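One chain, chain A, appears in both complexes that follow, with chain B as partner in the first and chain C in the second.
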Partner chain A sequence: MFDLPTANIGGPDLFVLEFGDIVAYFSPYTAALFVFALIFTVLVIVSRPERQVDIAFGGDAYYTKVVDPDLLRFQRFMAIACGLATLGAVVTGDVFNFTLFASMVGITNIGIVAAYRNRHVLNAAFQYGIVAMLATVPLFGGAAIVLAGTGTLSMWELFGGAMAVPLIAKAFLVLGVMGEGMAPFYIAKAEITRAQGAPFILMVHVSSLLLFLRVTEIVISM
Partner chain B sequence: MIEYLLFATFIGLLFHGIHRKVIARVQGRPGPPIWQEILHTLKFSFKETWIPKTASQTLFVGIVFVAIAIWSGALFILLSGGSILLLFAVYLLHKIVEHGMGLSTGSPYTKFGAIRSVISAASELPLLVTVVAIYFFTRSLSIADIAAYQEVHGPLLILAFPAAVAMYLVILSKMHYGPFSIIEAKEIVSGNMTEHFGVWRAALEVAYALKTYVLLYAFVLIFIGSLPLALTLLVMLLVLVSLSFVCAVTPMLSPYDTVTIQTLVTGALVIYILILGVVMG
Partner chain C sequence: MTPNRSIITRISVIISRVENLTALYALLAIVVVVLGLVSLPFIAYHDDQLYEKTLDPASTLDPYDRGGVPFGTTPVKAQYPENSPYAGYVTAYLTPFSQWLADTTHHMGTTIVAHPGGIIDEILYNTRGLDTVVETSILFVAFGIASYLFRRDD
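Entry: the complex of A and B
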């Protein structure tokens, strides 16, 4: 029932995991992305943040910033949630579920960054939040057009080549994922890296890169 | 596989040495011996090693293993004739390694390297366009299928020349001392690698040697085809020397110029893809 077409660019499916009507699958490609997301989620769970060193202008002095334990807990929670959403997005076999996980990644990314109380970082989080929220329109719009055009959201059906997915749906999906964090909408990220908590901030990048890799596979396969 | 990993590491380090030597000779300097990078790696392996007090210790160490793991995986993908989409994934994931290395230490220099790595994310886009262009011709992303296609139709270097240029640019953007090497520029000490020393630096040198080997090997496999090992190494060396020439005569660009050039190249390639789409259906 869940056999991917042999010409599938992510490789043949190795294992299918069913949760009722929600089905995740592992091909060599999605399994590789899953393992990578898992490694960084584990790193988020076990790592403590770095202590940032700042150099004082006009002298040789430097100082290390203090790590706030409350902030640490919240950032870690959001980063783990982001990791779980990413794990879901890279293995799901349903376009709508993919868009759901992608938007959850966008929300948790805002949470990771907005936890840090610094004017520049909060400004960046605000801008990032606006772009991420706007991007949900083409993201879900893309999934809606796929459903309207083909009558299904199942990747097994869509990857078979028997159904013509409208080009606009593919473009919307890519645009939506790009808005959740990829170039050229990542302008705010350079400011985001001012925030403390390297393992958690890194999850922002990990999730958006993995989402982009997954949407590339989906769009080429459909 | 282990012996091939060791072989690829050795050749990659030797290539790094040749790269430095060619740059030096073009610039009229004697340069280091070509085995200098191998000696560096051995030297770092036996130096005293510790983790900076301000670092996120788990991430600081973990990221080094991730770097070795992803490029070892990439080598396996190439040898097994796997998907270039996976290779593209590895290349993107290397960006995470660059971020992680820079962010994990707490040092302002490494952090600058990490931030430059973020803003130079445009360097990945030409590779994506390359992947799509190749798919237009071969209708497959499997390296084995691409090699088989080239045996029948001739090298993609000629058929899809703009895509080859894009991949060449991708490799150039990852070369040491190149015009796009802003993340390890000397004005920020060694950029994101500043705080990784001792065994950690040796391990990173190994990962980077594997990266250079994999990228050059992928270029030969994807755009010229499957050749005997000796000939493959020779072609890889020729590509490397041409890259070294570019690095020797081109000053390092500013971060924003780097992004601009890479984005312009991507834009030109997108137009090429659109034309391909119209012509080839």
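Entry: the complex of A and C
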């Protein structure tokens, strides 16, 4: 019944999951992203947090930082939610559904870093939060323009080439994902990674990387 | 600022400050929006919409008239009808109280008590149900963050 017309982008479809009009698909490309996100989500679930050590320079003294159990539990919850949102975003077959998963990734990323008390981390998280909120406008605007310009949201229809997706819709989508996933704005991430709590912090990076790879596929294929 | 800096150094100094992040993103957004405004005349509205919206000011349910026939079968357009075999049967109803409100008054049908089902609900709950699930998940996560920050002891 289905026929994914983008053999040159992601290869043939291996497996199709139907949710009404939203038909998620696993091509070699999206399946690879899915497996990567799945591995990292499992790692987050099973692993224990790192314990940072400060070494006093020029002496033998060092002190370990305390891992707050409440914070740890909350961070793990947010990291798992972020992983699940990433799993959804990389396989979904619908533009609006993709934007929803992308904004969920943005919110969970804020959640991972929001609970720290370190001033630098909170500063960066605040700026990041503003950008992520701002980015929902071009993100959903892009999906809205896709719908208005082509009459449909399903990637199965849009990827065919028969539909002319406006260039500005693609630009909005990329801009939105840039804001949500913070992919090119690494300065905020450099500050954020001062926070302790690997591997939960690393979920921020993994999710934004996968999100950006996925939106690249979408924009090229449309 | 030292005078002998190259242009790349100056740019990297600006973008390496977290405080400039929002302004940088806003600048990028403004550039894209201006490009969008320029290209706006070339974008045509596609008439054959999958999720069409119709307004009927004469309806007693006016702004919240979601289409569809109460107690009847509602035709719902779907991208893949074979995936939604029960589209049109799920929420195309009014409660008896809402029906009474809509029949006897002209604008009480617009209040929240008159929650009519209809085509929009069919789309939200049936053909695009996963969207609704993800939306509520976003809300859940956001409330989770807010409640954790509010309840943590300082």
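Here is the rule we use: the second predicted complex is superposed on the first by the 210 of 222 C-alpha atoms of A that agree within 3 Å, B and C clash if a C-alpha of one lies under 4 Å from a C-alpha of the other, contacts with A are read in each partner's own complex, and residues count from 1 in each chain.
Here is the rule we use: a contact is a pair of C-beta atoms (placed from the backbone, for glycine too) under 8 Å apart; a residue touches a chain by one contact, two chains touch by 3 or more.
Not measured: the values here are computed from a predicted model.
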Touched partner set for A:171, first chain B, second chain C, both or neither: second
With the two complexes superposed on chain A, say which partner A:88 touches: chain B (first), chain C (second), both, or neither. second
First (chain B), second (chain C), both or neither touched by A:114: second
Given the touch rule stated above, what does A:23 touch, chain B (first), chain C (second), both, or neither? second
Could you say whether A:206 touches chain B, chain C, both of them, or neither, answering first, second, both or neither? first
Quick check for you: in the superposed arrangement, does A:78 touch first (chain B), second (chain C), both or neither? second
When the two structures are laid over each other on chain A, which of chain B and chain C touches more residues of chain A? C
Mind working out whether A:157 is in touch with chain B, chain C, both or neither, as first, second, both or neither? second
Enumerate the contact residues on chain A facing chain B in the complex. 7, 9-11, 28-29, 32-33, 36, 39-40, 43, 46-55, 64, 182-184, 186, 189-190, 193, 198-199, 201-202, 205-206, 209, 212-213, 216-217, 220
Of all residues in chain B, which touch chain A in the complex? 53-60, 62, 66, 70, 73, 82-83, 85-86, 88-89, 92-93, 95-96, 99-100, 103-108, 111, 114-115, 118-119, 121-122, 125, 128, 131-132, 135, 140-141, 263
Would you pull the chain A residues touching chain C in the complex into a rising list? 1, 18-23, 70, 74, 77-78, 81, 85, 88, 92, 94, 96-97, 100-101, 103-104, 107-108, 110-111, 114-115, 123-124, 127-128, 130-131, 134-135, 137-138, 145, 147-154, 157, 166-168, 171-172, 175, 178-179, 185, 187-188, 191
Residues of chain C that touch chain A when the two form their complex: 15-19, 21-22, 24-26, 28-29, 32-33, 35-36, 39-40, 42-51, 78-80, 82-84, 126-131, 134-135, 137-138, 141-142, 144-145, 148-149, 152
